[in-house]
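To start, the structure under review is shown below, and the notes come after it.
The chains carry the letters A, B, C and D, assigned in the order they are written, with residues numbered from 1 in each.
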Amino acid sequence: MPVQSKMSLTPDSPLSVNPSRISRWAGAFHALFSTKATALGTTIVLIFVVVAFIAPLIAPYGVNEQIYSDARQAPSADHWFGTDHLGRDVFSRVLYGASDILFLAGLGTAMAVMCGTAVGLLSGYAGGMVDEIMMRFFDSLLAMPALLLALLLLGTLGPSRNSVFIVMVIVYTPIVARVVRSVVLSVRSKGFVEAARLQGESIEWVLFREILPSVTPTLAVEAALRFSYAIFLVASLGFLGVGVQPPSPNWGLMVNEARPHVGQLPWALFFPAAAIAIVVIGVNLMADGVKRLLQA
Amino acid sequence: MELSGTNFRLYNKRLGITLIFVLLMALSACTRGTAETPGEQVETSDGATAGGVEEVTSGEVGDTKAERVGTLRVAMQPIVNIDPIAISSDSEVLVANHVYDYLIDIDSLSNPVPRLATEWKTSEDGLTYTLELAEGVTWHDGSPFSAQDVVWTFDRLRTTEGTPTFDLYSNITGVEATGGLEVTFTLANPNPFFLYDLSDNHALILKAGTTDADTTFNGTGPFKVKNYSPEDRIEMVANEDYFVLGQPRLAGVDIIFFNDDAAAVEALRGGQIDLAMRMSTALFSSLQDVPGITTSSIPTNGFDLIRLRSDRAPGNDPRVIQALKLATDREAILNVVQQGYGALGNDSPIGPLYDAYHDETAIPPARDVEAARALLAEAGYADGMKITLHTPDTGGRPDLAAVLKEQWAEVGVDVEISVEPESVYYGDDGWLEVDLGITGWGSRPYPQFYLDVMLVSGAKWNESHFSDAEFDALAATAGTTLDEEERIKAYSDIQHLLIERGPIIIPYYFAQFGAISDNFSGLSLNAFAGRTDFRPVRFVGN
Amino acid sequence: MLPAVRDFSLQIFAGETYGLVGESGSGKTTLAHAIMRYLSDSGEIVGGRIDFDGRNLLALTSSEIRDIWGREIVFVPQDPLSALNPSIRVGEQVAEGLRVQMGLSRKAANTRTIELLTEVRISDPGRVARSYPHEISGGMQQRVMIAMALGAEPKLILLDEPTTSLDVTTQAAVLDLLRDLIHNTDAAVLYITHNLGVVAQICDRVAVLYAGELVEDAPKEALFEKPLHPYTQGLLASVPELGRHKSDARLSSIPGRIPSPQERGSGCIFAPRCPLAIDLCFSERPRLDASFPDSKVRCHRWPEIAAGEIFAWGKINNPEAVASRPPQETALQLKNVEVGYTLRQSLSERVAGRPRRRVMAVDGVDLSVQYGETLGLAGESGSGKTSLARAVVGLVVRSGGDIDLLGLSLAPELSRRSIDELRLAQYIFQNPEEALNPYLTIGETLQRPYITLMGQLKADARNNARRLLAAVKLPADYFDAYPNRLSGGEKQRVAIARAFATSPALLIADEPVSSLDVSVQASILNLLSALQVDANSSMLFISHDLAVVGFLADRVAIMYAGQIVEVTDSKALPALPHHPYTEALLSAVPSIDPATVQQVIQLEGDIPSQQAFPSGCRFHPRCPRYLGDICRTVEPPWQVTETGSRIRCHISPDDLRAAQKRGFDNEGG
Amino acid sequence: MATFVIRRMGFLALTVILTSLVIFIITQMLPGDVARVVLGREAGEAALEAFREENGLNDPLPVQYGRWLMDFVTGDWGHSLSTRSAIFPVVMDRLRNSLLLAGMTMLVGVPLSIILGIIAGLNEDKLADNTISIGALTVVGLPEFVTGLVLIQIFSRWLGWLPANSSIAPDATFAEKLPMLILPAMTATMVLLAYISRMTRAGVIEELKRPYVRTATLKGLPRRAVIFNHVLRNSLIPAITVIAISFGWLISGLIVIENVFNYPGLGRLLVFAIDRQDLPLIQAVAMVAVVSFALANLAADLIYARLNPRIRLE
């Protein structure tokens, strides 16, 4: 049986997580644009972040500027997204809303990620009773649907921006902590961590230099996911009227405020709703990219 | 002695007949055929005043033995209280109004009209009222109704501490059954508005000795409760033994609870409910051209009140309230927040609906940003002022707050808005505590009510903590004098006084909206939605 | 598109067993898949022919090839657990193929399944057939895979490292089974492996694959006797054989690493690593020449090699060989060390008052290591050797016993040991991939011990780290590189460097070469012993491979079920007598000498669970030399043999020797 | 298996008890004085104090908690502070409605999501996959209230096929309820669809890469048999877990959807209770939600264990 073959294989993507410090970033950047989908997601998120920062510079009207004579207008050259029932420019409000969402959902997520990481690191590394108690406590928080917990907490704290922020931290910290903890548990027994312990490294070094970097990629994916959920939560709370207060340009609140007018001013509902959808999709697509980056 | 009705004839005429709007098949057909804009439709109704009255009558005359058909499905906010002594919201009153009966109703012309009381007499000194009660009235549990039930009910209303009627009826010195079906009220001081007080929202007659009115329904009213599913709906069927011949004309009324007015309007549009009365202007205007639905609106004296506490900084400086008044563009607010429905406010609770008392010359100064700034600077707020505006989450109040924030920002007042669920805002007396707040006030048949509970020194709901000797004297005069001219004068002075220094801004008076399926006819809107009467409503669809 | 395998030609005849040898990255699994025309989405056969039984497989339709799969060509993969569907009972998995390929009825297929399971020497086929894959041992799983392959009486059997993932004794048993099965079949067999010993034992012919190319193809005897390709020579020279010791000869090793598909140049693919390479080798790719009538080799210089004029590597005594040191003083002393865990209970279990389950990984071990000595610790997985090692450095907390290092009594907990104590004992981990923090540069990793353990300033630490890098023969530019640029062997060098940075008195190496290729393994072993001599460290060297242990260690301790059963001088390993367990382990090491016919001692059953050790002698349920009740009830005593070994057995050393000698004689005769 | 079930149930009980503590603490911190809420704005201090004494509001918190928990377990859920009605029948009625909606959603949404997920997974990175994935992602991006409003606009306003309002009557027959269930169920399906189909897709892709698929293929099994007998069996395990957990979400987490459609389920009741600071009602609804959620998780665990023989060893 003569066998002769000539074979060619395309190898897996040569991307890897950490070639060197500089090219590591370059690699990450490359990965975030590696497929059309992730490139789209990354672009959306980048635009979103940029808009959030420069909204006051590019918005044609003020966030709450009410031009009574222009109230209830359909999209036009003057008002790209039309105006709402109070004569506010929907386009400008959607732009300002980007910073509202970014700073509320973004900072809330960031804070939750920080708290969750700290708790997850300690809990996972310490193990034993500390770990057990923390995890049981988190289980009990996670045994409630997130929105239910959020509503209960908001009932207690009263509706305000700060409350929404605190609620987000309380709701998401356990989730992040569990994710971090599971990574810590798998990294903790790896040779390099044990080697560090054998070399008498301090707890801080072990936690932050040995373990944390390995947690980071998972954390990045988790943070992206949390962020997209946070946008949802902020919008949903706004929609239920228990979140940020009017006349904040919160997209969820805008949808809620536009709802009675949907028959006549559909644009006032459509654009903020579309903004939510696009950003959530963007964040999700980017998260997929980050995930791919990890698997490569 | 004369029939009490005549006392008020003049008043009624002045009130104007613009209140009325009758929903008729004919009219709705006309709407569908010709009406292009909501405005036109309202005008049609205004033009047809006299005819409207007759239509109501003719509707009632019809054949008295008509079969009771059709169930009217009404969208309302969820109810919480069912005991008449504790009810307050539109929907709670609406339910009670059909399970129980009042002694006297106030009709859409603000005339006291008979209900359980068929006629009444007032003594010369105005201190004794004698009411004759209807015959053949039975309770839903089958037992007969008597004067004792009325006595018991009013004793409960006036002696139960902590209820709104405890104060209202403090003027009553005695309630006696002076016959099997006759009851006599004795007053300490004359009260020209006593018949209206007898028709207070809470004054529904309960069976003597009832202890569980907060969980059960045993009334004499036109409908019996078939099923109450808290937070969801209440289903009622016609009371076959109702004492008014030929009423009710419906087989039943289902009141379905909606937290969300937009959802209610969707349901109306989809034919799952037949009547919606609570809705924002936006929702109302969205219903204008919908086939099969007739819309109508009537003016009311209900209003949103912006009030600043006057007993502490910053409101204790009259220049501050003056500046805020100057900073406010009432017309813009009416147009934007209420989309032009309703009437322009003049910072007093005596609105144009009371045309006997409303003073058209009492007009707040026009918006003047510079003057407002100057006043604020004088008051020590040259660099602006930061203040939180509290508002319940219902109706157009959040919008009103958002507009005020913008208008006041121009004079340097930085408003932070705090929106709370209505129940939370009113539930814990927070609304009486905060410095700056928005409060919704419902329409009443006479204006004295507002002055007595809201503005006189120490009044229970004096949320602005307003205390002004001149005002108090004027209010007392208006509330007790039997001289109509004196009252008109006092009310006029009050309006000018409030514009000048009252710590309140009233930017508009509401219109009451209603939208009903063309399957029903015979409904008249009431300025206070809870007192809408379903007894004459007929099912005319298929 | 990069070629993973190119220009590969091979002929296998019916009844022939072909060994395909290559290290990781050589493309042997890709090749196996290609032969079956089974390729993953990323791969493609871009040219050539595969003729099977008169048909070109590449020209067949997918339904035609499906008829061949499982029926005429069968495949036995490397990792049986993942190759079995976890949620289907194994019997059904065997029967399913029989139904589809042989058209058997459900009932007939089930009957045949039991027969097949019996054929692969599964003693309780009914129970096994009803089990899920995870419920049976690795050896059992692989037998099931083999049964699955044999069911259709195929014409070609592809075996892809079928024993690599198994424990030593199991591996031996499965190999034994395979040898018999192959012997009794007419099918052509392609046996893919990296293990030259296995090839020597099983195959008729051997093909050597390097970086996707066939470099040598010869009958087994010829290849082992006279390898013509430098790479083949290197491979053979780098295998530590039983009985070879570091004091005799250093192991040869091949420098560098297998080039990735992108790195392959235009010349001979092996030239960059070949000590015999000449200019021609770099410029022109050699053809596959027929060297002898029956052999082929791809080398420009094979005639010179064949003539014995040059050689790349050979089994010769090496002048640099490390001299064995005479025993001095005791450096490390273990007394009655126990490592026991209480299994983690959930809170609800605790609430429910369930008794805590205890597991003994190490149960009363006494051992000592002398200054400068290397003590080998051998045993199968689950024997407790790693737990023991980790207890010494404090990575697991021992539950009993004393550990003295240089007279210092070490606390059980790592956190209670001083920096000085930490500096004395360092550890090399089994898996080089996990040994280095992927987020620190090699330089940063190597500086840390100087900073933390020696208290040096950063600049000094940096210089020392650079010196260290050179000492383990890694290029200086790796200093700023991250570990992902390094190969497995290079990572292990860094890990070794880190461990030696502080010149520890004791070094513990836990299977440091088990995951490395043979040629790399040799260089790591050489490096270890060289550094050990320089630092004058003692070493505890753990491995499951007796040949490796025997090569590197001065003395060897054999561990079974948490206890030491034998301690012997490594040079005495080839001699008799031994503990019956040691005997079984020794018999299981495949010899690379094709002339040796091995008689493997097969052990019944599995290593006992750490939750319930057998009474008496813990080896008795599996012991081929089981005496009777005494083994079952009484703990065996320590006995000393003539060769100086200490054996824990009821059988006297003389009787043991006699019995074991007889075993050898039987084989010989 | 029996011990596994018992262990999981013990774990569940523990979690629910801890969660009940969290709920109790949060609700205790709600602003407003219960006595004041009940007795109204004008009640005197003496009346308030009497009420507190009578209802044990002056007891130490742990005592109150213990009493509350015991009452909850024994089905004595007290009366609503706002509507004065008994809580148990109301909550049970809403729970039934929630179960009905959840059941409807599962019936339609789950098979659809799984099929789409499988199609996407088997055609990784091909047209079908991209279409499904982009569709799912788009739905993921849309909050429920937007999806719900869009569906109302299309099916209720434009086409007039289905009612926009789902306030089903308590005595309605299923045939009467059905049209009202469709839109909210569709909205919930959208959320599940994205979630479950992505999960299924990932499961299929992951399982397709496993060596046992190669074993099955090289056994000569037809592709169909490989997919159905081998791949799906394993790849659906995580999806089924997700489904069970989603069921818990459907019962308790449809707060937004129930409010958009005015559906009388637990979510709407909760918003009602929170709006009115109705402490016992909030606690009861939250507890029912938590217990349902926990039971769904338990079901997920058990199904997972049933399907995945490896788990049972643990």
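What we mean here is this: a residue touches a chain if its C-beta (ideal position, glycine included) is under 8 Å from a C-beta of that chain, and two chains touch if they have at least 3 such contacts.
Note that the coordinates shown come from a computational prediction; the quantities given were computed from them, not determined experimentally.
So which one's got more C-beta contacts, C-D or B-D?
B-D
Going by average Cα coordinates, which chain is farthest removed from chain D?
The chain lying farthest from chain D is C.
Just the number, please: Cα centre separation of chain B and chain C in whole Å.
That gives a centre separation of 90 Å.
Distance-wise, how many Å sit between the C-alpha centres of chain C and chain D, to the nearest whole number?
Their C-alpha centroids are separated by 51 Å.
How many angstrom lie between the centres of chain B and chain D, each centre taken as the mean Cα position?
Spacing between the chain centres: roughly 41 Å.
Quick one: chain A and chain D, Cα centre-to-centre, how many Å?
One centre to the other, that is 23 Å.
Which residues of chain A are in contact with two or more other chains?
Chain A, residues with two or more chain partners: 136, 158, 242, 259, 262.
Can you tell me which residues of chain B touch two or more of the remaining chains?
421
Can you tell me which residues of chain C touch two or more of the remaining chains?
Answer for chain C, listing residues that touch two or more other chains: 347.
Please name which positions on chain A make contact with chain D in the complex.
136-137, 139-141, 143-148, 151-153, 155-156, 158, 228, 232, 235-236, 239-240, 242, 252, 255-256, 259, 262, 269, 273, 276-281, 284-285
Give the list of chain B residues in touch with chain D in this complex.
78-82, 86, 161-163, 166, 214-215, 227-233, 235, 254, 256-260, 263-264, 266-267, 269-273, 421-424, 427-429, 460
Which chain A residues qualify as touching chain B in the complex?
So the residues of chain A in touch with chain B come to 64-66, 68, 71, 85-87, 158-160, 241-242, 245-247, 257, 259-264.
Which residues of chain D touch chain C in their complex?
7, 10-11, 13-14, 210-212, 214-222, 225, 229-230, 233-234, 237, 307-310, 313
In the complex formed with chain B, which residues of chain D make contact?
31-33, 36-37, 39-44, 47, 80, 82-85, 90, 93-94, 152, 156-157, 160, 163-165, 167, 169-171, 180, 259-262, 264, 268-269, 271-272, 274-277
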